[in-house]
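We call the chains A, B, C and D, going by the order they appear; numbering starts again at 1 in every chain.
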Amino acid sequence: MATKEDIAKFMAAAFPRNQFTIVDAQNKAATIRRRVTEDDIRPGGTVSGPTLMALADTALYVAIHSTIGITPHAVTSNLNINFLRRPSADKDIVAVCRLLKVGRSLVVGEVSLYSEGTDDPVAHVVGTYALPPSRSEQAQNT
Amino acid sequence: MATKEDIAKFMAAAFPRNQFTIVDAQNKAATIRRRVTEDDIRPGGTVSGPTLMALADTALYVAIHSTIGITPHAVTSNLNINFLRRPSADKDIVAVCRLLKVGRSLVVGEVSLYSEGTDDPVAHVVGTYALPPSRSEQAQNT
Amino acid sequence: MATKEDIAKFMAAAFPRNQFTIVDAQNKAATIRRRVTEDDIRPGGTVSGPTLMALADTALYVAIHSTIGITPHAVTSNLNINFLRRPSADKDIVAVCRLLKVGRSLVVGEVSLYSEGTDDPVAHVVGTYALPPSRSEQAQNT
Amino acid sequence: MATKEDIAKFMAAAFPRNQFTIVDAQNKAATIRRRVTEDDIRPGGTVSGPTLMALADTALYVAIHSTIGITPHAVTSNLNINFLRRPSADKDIVAVCRLLKVGRSLVVGEVSLYSEGTDDPVAHVVGTYALPPSRSEQAQNT
């Protein structure tokens, strides 16, 4: 219920160090992209695991905003990542997120991470966000 | 590389108590279905969590057989399940599996579980199977 | 806040098919044990994965009861299991659970599973239960 | 089989940007600590999730080195994190890792993360590392 532009504006203000681009943000889905910087690279010319985890976490957060409106106090409660292939150090990382459940207090989604332009994911994430209680109360009043 | 019929025959011989039907078995994908029995039902008219976990685990195993050939000694090393909605006690459970990575020693896949005829999954699983070393050796010789 | 005896009585009434013994139930901790039956055994003389998952899930449920009182409507939202070693088909399985967080709406705990009398766990589980909203309301009123 | 000093030297050379201190490194166990920097802080005065994930991942890597010797090519294959409490922005983060299984090709361990000086963990991680095949070959020759 928040547009791509609204979400981008909120994220830039709240997390100024978190550099990424929103490619698409729909109901229960979002795609974001991030340039790989020197800080993200690991020996052997690949991208660090925490870089991938962080981007997946952000993709879930963006998908929540685009689905139920900007929700700053949504917090990650669980994140499970499988590393599948070595990402390229010289390609952007793209995170494609799909929400599996949007509940009253929990949102569950999955994220496939790609080195841009390749078909096979470099990692796959399933994560859960806990929504703030105020949201549930609002929902009950609606 | 094994057909639906071959896999069904192998499973019936190796796991005679594991009742399920293979709906489809392709390269890196499988769909199976299972009737919900009285043993699977929990108070409140829903299906037990272990029933869902077991079916997802079987779907991954079937997808491995259909992708690399019958591999009896593949064993689950990790399984992560998110329960999303209450399954119906009076509908079959359908498990749709897609393999994300088929490596030399590890296979990773995801499974969406549905109460038959409904669009939203009741649970979502990501699992890892470890392949027996002999397979890697064979693969290297091929 | 519920005793071992209270929990055993509740479980026997609510889940008559779920055979297990409560060895210990304390604040934020529980240990349960289960005989391995013919139904649980897999080819090769080991115990099936779903048997282990089910016992870990039950151990979490028992620890919740012993910590906050009998809570029938607590439901598993996430369960992550790593299979570590082959369990013995001829030994009881013991599940040792410790709760890591008891929140207003979520409880997170870990479970180590053993073939009785051995030191190294056969599997390790981390699971999350969602507590029913009524409980939170009660807690807020207290 | 590698000492705390050896591991610290290896990590400083291989990952010069990864700032942390090894508090203890034993067989199947390691404790590391990390100062929280401005980059790690999230709005609301807490520590970002990716900071915690990265530290847990490093703790597992250090515990592998201290158990089987320096193994640069061990790579994370799965990581599951539960966020339990808000970490303090003004306290170091301490990661206490214990290996649950050291296999021929997979190592599984758990990590509890604390804001220094507090008893309740802020997060809990279970992770799997895949060991390079050369290691298995060496192990077989020993």
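Following the convention adopted for this analysis, contacts are C-beta pairs under 8 Å (C-beta built on N, C-alpha and C of every residue); 3 or more make two chains touch, one makes a residue touch a chain.
Bear in mind that the values here come from a model prediction, so they are computed numbers and not experimental data.
In summary, the chains found to touch both chain A and chain C are B, D.
Judged by contacting C-beta pairs, the busier of the interfaces A-B and A-D is A-D.
With centres defined as mean CA coordinates, chain D is found 24 Å away from chain A. Inter-chain spacing, taken between the CA centroids of chain B and chain D, is 32 Å.
Here the spacing of chain A and chain B, counted between their Cα centres, is 28 Å.
Looking at chain C, residues 77-78, 80, 82, 128 sit in touch with two or more other chains. Partner chain C is touched in their complex by these residues of chain A: 77-78, 80, 104-106, 128, 130, 133, 136. Across the interface of their complex, chain A is touched by residues 80, 82, 84-85, 100-101, 108, 110, 120-121, 124, 126, 128 of chain B. Chain contact summary for the complex, chain A toward chain D: residues 14-15, 17, 39, 42-43, 48-50, 53-54, 57, 72, 75-83.
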